[in-house]
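Okay, so chain A shows up in both of these, paired with chain B first and chain C after.
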Partner chain A sequence: MRVKSETILPYSLLVPTLIFVILLIVVPIGQAFLLAFQAPDSSFTFAHFQKMANDTSFGDALRFTFLLLIFIVPMQVVLAIIMALLIHTRFKGHTLFLYIYAIPLAISDLAAGIAWLSIFTERGYLNSILNQLGIFDKPFLFLSYQNLPAMFGTIVVAESWRATAIVMTILLAGLQVIPRDYFEAADVFGATTLKRTLFVVLPLLRPSLQNALIIRTIFAFQTFAVVFALAGRVIPVLAGESYNWYVANRNPNIAAAYAVLVLIFTVAATWFYLHFFQTSAAEAGYD
Partner chain B sequence: MAGIRFQSIRKVFGKTVAADSVSLEIRDGEFMVLLGPSGCGKTTLLRCLAGLEHVDGGRVFIGDRDVTDRAPRDRRIAMVFQSYAVFPHLTVFDNIAFGLKMQGRPRDEIKRRVEESARLLELTDFLKRYPAQLSGGQRQRVAVARAIVMQAAVLLMDEPLSNLDALLRLQMRAELKRLHQEIKATTIYVTHDQVEALSLGDRIAVMQSGRIVQCDVPMNIYDYPANKFVGGFIGTPPMNFLPGVVHANGDGPTVVVGESHLAPAPAFAHALSAKNGEPILLGIRPENLTLAPNQQANTIRARVRVVEPLGSHKLLTMQVGTEISKVSVAPDQRVAPNEDVWLHFDPEKIRWMDAATGEAISATVE
Partner chain C sequence: MPSTLSRRYILGRVSLYGGAILLALWTLAPLYLIALAAFSTRQATFQWPKPFLPTDFSIDTMQFFVNSRGVLDSVRNSIIVALLTIAGSLVLGAPGGYALARFRFRGKEGISLGLLISKMFPTAILSIPLAVTFLQLDLYDSLWGVALVHIAMALPFVIIVTAGIFVGVPRDLEEVAQTLGCNRLQAFLRVVLPLALPGLAAAAIFTFVISWNEVFAATILTLRNRTLPAQVLSGLNDSPLYYRYAGGFFMIVPALIFIFLIRRYLLNLWGNIVR
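Right, the complex of A and B next:
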């Protein structure tokens, strides 16, 4: 009797989470797959994917999604590492920095996009400042389809601002669980701050880096609201196309096909990180 | 030249005074043992020397340099951490090589020196393993190897043998002693283990609640503990303490313990006479008590409670009045539990202490 209740208890504790995950994640994914692969007569079809691939925006969406990924993720990770290391030194006033860094965490991505829009737009804050400083006498058109690189740049900046904090938070948490002794041993044995960071801190931070990269990359594939606010559909991205097909073109099937594609990329990226950053069992765990 | 000088070091954690105005001078090449109960501030003192803790007062010198405000890496020391702090992401080889790599030594020199210290600590077979694949004792040896490979002028060891089995510990202790005679690094060695302290130390500093209560050569610490705490901390079993009262008359002082009158050694006659009528504490080591066949000078009646044959000697637990004393006798001594015996006190070996403060009373040198 006792044994039985002990084996049931852990599972029963998992039940609420399981229900949550099934209702909000598994079921919608299943529905998306159905929509993506089902013909009107309920038979299996690739037609939605063909139509998606033949769409004029598809190539651009694919290209821009990956371009954003390539520009943003490495830069963000480096930035987040520096920020986390800085805060970890506990310099005077480090909590203030932590609060400032954390602001974007509390802001929805669309709000962030609109905030940045008000900065970069023709009569926005940035142009007023540049104008007052006398650098430009005419407003600079950051957000013009004639100047794609500038537009792309504003998205990179806005996205970095928005999502670096989450990466930093994960890394800082990772830093804080590394026992201080390792830092101290490195110091005593003559490591400079740079060498200590390279040879002790970063290797010990690898599990957190892996998590941060996975989460950040998933975010990058889902990037949508910020791009939409700043660039409309001039710079299409995969998640944005999905939205567009669903809302503007009222075609849930092709929207679902995009969603499935994003899912495939996400899973592939996660698999890549898990393998690329694999820690051998021997190295895992602090003593 | 790398003597060490602590000058009135003070370190406070909240309300805990971990180092209370500690002054200690360690000569170049000396092996100093820090001995004391858990939480008395041994690690804190080492960390202040290593630069891992900012002192709240006082100065630290290594050689002629005031290093108080220097970073750890500028202090040119090697250290064995109490927690080992062996890097989990590096193999045993790379762990031991870490400091040499930071110094930018050539590869072949690193390899030679790492292999040499690995051999010394019997780690040769484990060089390719990661720390997670080692036992606690093996990890501890990696920590020791990582420190000695540096051949630093100052070597700090925080309980480096605490996790080894008895045999290996004995062996490593001798190895460390040999190594020290070879390298002559100025060494501070922290331990709880008084046998280790007596065997290794050129001098021993005994600590209690953030203070150094006595610092002397091992035999003096053992024979002439500065107070009750030191006598009671060192020795297995430690010193026995019996309360008595001083009686001074024309023939010189005696001390009444229970029903017996003990005559102190002449060197103490003067100091004890001054305490006529006052309570006093008699300290004596188990091996300085012997069983006497009958009542004679300097004997006290006692009852044997427990007899423990320990091979090289027999350990007796005795009841003396209301006090318990440990007595160490020859292994062939015939004695049975509950037997009443006469215990003889060697007056030359008695350490007299102030009953109130526990401080040892010094002999008058004539």
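Right, the complex of A and C next:
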């Protein structure tokens, strides 16, 4: 009797979750594909994708989404590695700095976009500083369609500021499970801090780095509110187009087509990282 | 020799603290400035160049924001949705986390993989079909609808985080309780749960943050019953700057408090987002 209940218990504990996941994750994803690929007469069609691709914003949305990814992810990783390594030295007061670096974890991309809006807007804080330093007498229009690279730059800065914290925590969690012996061995052989970081710490950090890259790339494909806050619709992105097609144009089919596209990129990026890093399951599992 | 060594040591310390302080300023500066913008007068929004000290501190802008139509309701809605999300995802997820932490069973690997995959799904691919379904089910523009999507988003995290918490509660204690006459449920309620409570509270706060910050689904799924981010986003392009500043600051404040409350659990909660 006892043995039997022990074998059933874990499953019965998981059943509610399973039902919920099927109803609110699996079924909706199936429906998203139906919305994206089904004609009104229920036959299979590429018409929605064609309409999506023929839209004037599509090319820009695709380009800007990937450009943001290319600029933001490396910047976040570099900043986050520096933060994590600094905290990991456990200097006096490091817990205070960890708290400060972690604050953006709990800030939404919308709120982050608005915070940076107060800095980059025409009469904002950056222009105020530049004026007081005597660099510009008139405000520079960072957020104008005439200065597209500047506008793009503001989004890169705001999103890097916000999401570096996530990368930092993932890397710090990874650093903490590296046995101290490795660092000590490196010291015994006379490695400098730089050499130790490059040849001992970073290679051991590879699984965490892979995780951080996967999670950041996935979220970068979904970048949306920070772009709306800083650039309105001047800089379109894929998730933003999905939103617009649903909310402004009342067209769930094309909105779903965009969502499916984002999903495809998400899966492809994950596959790419898993192969690129070639981390075995056992290696990744040591955390 | 000792003097060069100590000089190197001092140089190392200086660059360590210098770098740490620089990065802290980079993190804190936007927070300080948005607070400054939110606590000046509405006219000050258009002042230029702007002062960098709170010389004209005023609650005028914040007052205007809070009294704007729909804002207080949206704050209330956000809190309700977040509480529903916490309750739903813990009730559903914590038993699953316990199962993963305590049992070896067939299909466990598959379930862990499934959890990992379900964390990857873009918000759009869930919200858009659900908006269509909710319209048919009369759940559209309801707080329940938003909460259901937020639970779906939070659930995989909650299962993984709670599994980590339950692994941390020694199994021996539970077995001792059972040999002393508790049944499995009693042992869980009297021994495991109290020990897991701080971790579960942290997981609840983590869930609150996910829900409080979520923009896309909340905006797609509501029309009048907006949550705070949905309210701010939907009026973004036709609201005055000072309204946006106040809204931005208002959304950030709970974040500061919550990160402080769960600072001990930061790495466990966010550090293991993907395993």
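We take it that the second predicted complex is superposed on the first by the 266 of 287 C-alpha atoms of A that agree within 3 Å, B and C clash if a C-alpha of one lies under 4 Å from a C-alpha of the other, contacts with A are read in each partner's own complex, and residues count from 1 in each chain.
One rule holds for everything that comes next: a residue touches a chain if its C-beta (ideal position, glycine included) is under 8 Å from a C-beta of that chain, and two chains touch if they have at least 3 such contacts.
Remember, it's a predicted structure, so these values are computed and weren't measured experimentally.
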Partner chain(s) touched by A:L204 [first = chain B, second = chain C, both, neither]: first
First (chain B), second (chain C), both or neither touched by A:L105: second
First, second, both or neither for A:K195, with chain B first and chain C second: first
Touched partner set for A:A185, first chain B, second chain C, both or neither: first
First (chain B), second (chain C), both or neither touched by A:V78: neither
First (chain B), second (chain C), both or neither touched by A:A229: second
Dominant toucher of chain A (residue count), chain B or chain C: C
Overlapping contact positions on chain A, where the chain C interface meets the chain B interface: 284-285, 287
Of all residues in chain A, those that touch chain B in their complex: 179, 181-182, 184-192, 195, 199-200, 203-204, 206, 280-287
Complex contacts: residues of chain C adjacent to chain A: 12-13, 16-17, 19-20, 23-24, 26-28, 30-31, 33-34, 37, 45-50, 52, 91-93, 95-96, 98-100, 102-103, 105, 108, 111, 114, 118, 120-126, 128-133, 148-149, 151-152, 155, 159, 184, 209, 212-216, 219-220, 229, 232-233, 236-237, 241, 244-245, 247-249, 251-252, 254-256, 258-260, 263, 266-268, 270-275
In the complex, chain A residues that touch chain C: 6-7, 9-11, 13-14, 16-17, 20-21, 24-25, 28-29, 31-32, 34-35, 79, 82-83, 86, 89, 91, 94-95, 97-119, 121, 123-125, 127-129, 131-132, 139, 161, 165-166, 169-170, 172-174, 176, 193, 211, 214-215, 218, 221-222, 224-225, 228-229, 232-233, 239, 242-243, 246-247, 252, 255-256, 258-260, 262-263, 266-267, 270, 284-285, 287
Complex contacts: residues of chain B adjacent to chain A: 50-52, 71-73, 77-79, 81, 83-90, 98-99, 102-103, 129-133, 139, 146, 150
